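Here's the structure we're looking at; comments come further down.
Naming follows writing order (A, B, C and D), and every chain is counted from residue 1.
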Amino acid sequence: MNKVVANAQEAIKGIEDNMTLMLGGFGLCGIPENCISALVKANIKGLTCISNNAGVDDFGLGLLLQKKQIKKMISSYVGENDEFERQMLSGELEVDLIPQGSLAERCRAGGAGIPAFFTPAGFGTEVGHEKEVRYFNGKPHILEHALTADFAIVKAWKGDKLGNLIFKGTARNFNPMMAMAGRITIAEVEELVEPGELDPNFIHTPGVFIQRIFQGEKYEKRIEQRTVRPRS
Amino acid sequence: MNKVVANAQEAIKGIEDNMTLMLGGFGLCGIPENCISALVKANIKGLTCISNNAGVDDFGLGLLLQKKQIKKMISSYVGENDEFERQMLSGELEVDLIPQGSLAERCRAGGAGIPAFFTPAGFGTEVGHEKEVRYFNGKPHILEHALTADFAIVKAWKGDKLGNLIFKGTARNFNPMMAMAGRITIAEVEELVEPGELDPNFIHTPGVFIQRIFQGEKYEKRIEQRTVRPRS
Amino acid sequence: MLDKKGIAKRIAQELQNGWYVNLGIGIPTLIANYVPEGISVEFQSENGILGMGPFPFDGEEDADLINAGKQTITAMKGACIFDSATSFAMIRGQHIQLTVLGAMEVADNGDIANWKIPGKMVKGMGGAMDLVASAENIIVAMMHTNKRGQSKLLRQCTLPLTGVGCVKKIVTNLAVLDVTPQGFKLIERAPGVSVEEIKNATEGRLIIEGDIPEMNI
Amino acid sequence: MLDKKGIAKRIAQELQNGWYVNLGIGIPTLIANYVPEGISVEFQSENGILGMGPFPFDGEEDADLINAGKQTITAMKGACIFDSATSFAMIRGQHIQLTVLGAMEVADNGDIANWKIPGKMVKGMGGAMDLVASAENIIVAMMHTNKRGQSKLLRQCTLPLTGVGCVKKIVTNLAVLDVTPQGFKLIERAPGVSVEEIKNATEGRLIIEGDIPEMNI
């Protein structure tokens, strides 16, 4: 059971125009940099991308936006990206904005075989528009449906050849849920190790959710808001 | 923010007759031995216990059954317990049997503010009786509701004074979800450590879910089915 | 006729490389001993482990490492541990390629009953209802008849159901059968068992087309 | 009149020992600097950390450790990291005792709008809709009026809503107000601000009962 592929280019084989992708990351933190570059290079078009954010103008998913490879974004927060705003306001880009918690839970649900669930988030807002409303304990909830994707692409810190993953710090974010929800899930990792090198008790994403894995290269890990305090 | 209590007796303060409890563990693996003993000693009656299993005749929840402290069990599998079977068949004990995955997910939902979700498990069976049925992608699902408890009692391997927990091996099982679903959650641990001693990146249950914690003693950790292979 | 080990051996032939497999209690557990050479699979146990290994050596049992049958086990290299919600996320989300479990009754429409005998025995369904409701590929491993000699392959289940229309294949001490819209389709006979014997032991609709080969095991 | 820091300081007085607190982007983030002595709270950031600490020293930034505002942060002793689903399980499941966030508009029935200006600005709601739909205790931190001098405390929100009837308390540069079934109830005046000024800056229903004390900050 060897899931290792050589590189990003090989990993994204089978991703075609008009497919739906999930991409892990929060802002620029924990994003699959290598696969995004490979998607840009392959010039795959008409993509529907499910990702909490849309990158910045010149990094992350912003690179795919620049080349107009994205038809539709499903996200929770898309600030910090002028090209995104331009495409959205001009109508070139379809945008479906989802509360962050509902986005996370809908991905998890997609991976966990839960087709729909009730949540209070978004009731009485645009998000709840035309969605089924039901009261539980006197409180209104809306029915949200699972999300899945043709391919999910996640970024982990370390992974073994069976696909077991561990993440570092808040680079974890959406990666574990999206790993569950891809029909095919690709993991790019900073360090690829042999089975047995990761402690079974501390795996964040079990290998069963991963179909392809490779060790990425040249991680830039750009910081969006560098905030520091003076040394006293 | 110190959640430490002295012992099991202090930890179970406030648990009263006729309350609903969740108790972690799978069979006898990962059960809160100290708190179960304290509940037996305190002779609290009329309990509704949510737990995957009901222990064996003379250990685990079996101890509470012997003393007829349990009014109702909500479980998925209750074999291996003659006293349980006797009380159930005679009608002394109410029993609600739930598919194991639905039990786990209903506890998680209770802790996660998801009041209800659809699952295929149990459709067309007694479990689906009188439950709402809905088709997704042509497949029937039933609506299951969240479970919560007045108190959840879990057992971890190590925990810090803020309630962060790590579990060992398959003693994890239902403990993390039940920890989420208690209005008050008690954690008993084999080793209680200072904040900072557990790696933040590898916490199984975040301390936010825990209200009381103590280091248990004299763990018996009885093995239900000792299976071994000969040394060749 | 096959014994329990034989049933396990025959089912092991169905394993495909790279599959994740959930084995139920009883006969299914034995399958792990007969994985064909060149085939690499991982075993999931629904209490929370992937990459379940063989029983531990005497003296090396760990109370904190058991399978869903509460037996002490070991973990293979590359194993991982998870909680019950994640475990059933794998199962419900169809990330497990094969489920093998025992049954008290199977109907010729794929219904299965294996958790309750009203008024007599109620062990509970454990994870079986989740498994049969979601697995794409379910094999039932059981004796063809019960202790009183009555067929367990029925026109309709008489016991409370575990799942509806879900069983795809059955391997018994007598035969391998596929569940089809027309009923049980006989695929193979156990060594030394005649079609007639299988017919007599099967209450549900049985389809016999052409020569039925003997198992190669 | 308070500046942004003053608003943060005043809200910090609301913190209670043992609380878990989620702070939104902007003014709320500043609250962490003014936790009163003797009060111990833990800060949650919805991208996946509990026990968020101060910004790192120059040169010690870690790209893999940020808050929901994408700022580099540190982790306190006893911190823990989790995925987004678990993070919102905490929020939706009401395990977080206080949420403080900014707003473009608040209505006197507790409605809040802070994520979209149709045709002009659409940043998205991020975690705000989940937070306001579930938090038992929501404080809005904002300026009393917008850049054009118009009240942000309205009879009805004009912008697309983030949540309905959820805001419990508002702290602005001018005042502290509770949201009651009868409208905004004036609780405290900012230093040097008169009731009249607050009246003039508040479009929604305003309840003034008895003497309104000045904040003690």
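Basically, a contact is a pair of C-beta atoms (placed from the backbone, for glycine too) under 8 Å apart; a residue touches a chain by one contact, two chains touch by 3 or more.
Predicted model, so just to flag it, every value in this text is computed and none were measured.
Asker: Please tell me whether B-C or B-D has the greater number of C-beta pairs in contact.
Answerer: When B-D is set beside B-C, the one with more contacts is B-C.
Asker: Of all the other chains, whose mean CA position lies farthest from subunit A?
Answerer: Chain centre farthest from subunit A's centre: C.
Asker: Taking each chain's centre as the mean position of its Cα atoms, how many Å separate subunit B from subunit C?
Answerer: Here the centre of subunit C sits 28 Å away from the centre of subunit B.
Asker: From the mean C-alpha coordinate of subunit B to that of subunit D, what's the distance rounded to whole Å?
Answerer: 36
Asker: How many Å are there between the centre of subunit A and the centre of subunit B, using C-alpha atoms for each centre?
Answerer: Centre-to-centre distance between subunit A and subunit B: 33 Å.
Asker: Counting only Cα atoms for the centres, state how far subunit C is from subunit D in Å.
Answerer: 55
Asker: Counting only residues that touch at least two other chains, what does the list for subunit D look like?
Answerer: 49, 75, 81-82, 88, 91-92, 134
Asker: Can you list the subunit B residues in contact with two or more other chains?
Answerer: 105, 108, 112-114, 119-120, 168-169, 201
Asker: Line, ring, star, complete or other: which describes how these chains touch one another?
Answerer: Looks like something else, not a line, ring, star or complete graph.
Asker: Pairwise, which chains touch?
Answerer: A-B, A-C, A-D, B-C, B-D
Asker: For subunit D, which residues count as touching subunit B in their complex?
Answerer: 17-18, 20, 40-42, 44, 49-51, 75-82, 86, 88-96, 134
Asker: Which part of subunit B faces subunit A closely enough to touch in the complex?
Answerer: By the definition above, subunit B touches subunit A via 105, 109, 112-120, 134, 136-137, 141, 145, 166-169, 201-202.
Asker: Tell me, which parts of subunit D touch subunit A in their complex?
Answerer: 45-49, 54-73, 75, 81-85, 87-88, 91-92, 111, 116, 119, 121-130, 133-134, 160-165
Asker: Applying the document's contact rule, which stretches of subunit A touch subunit D when the two form their complex?
Answerer: 26-30, 52, 75-80, 85, 88-89, 95, 97, 99-105, 107-108, 119-127, 157, 168-177, 204, 221-231
Asker: Which residues, counting only subunit A, touch subunit C once they are in their complex?
Answerer: Touch residues, subunit A against subunit C: 1, 108, 110-114, 160-162, 164, 180, 194-196, 198, 200-201, 203, 206-209.
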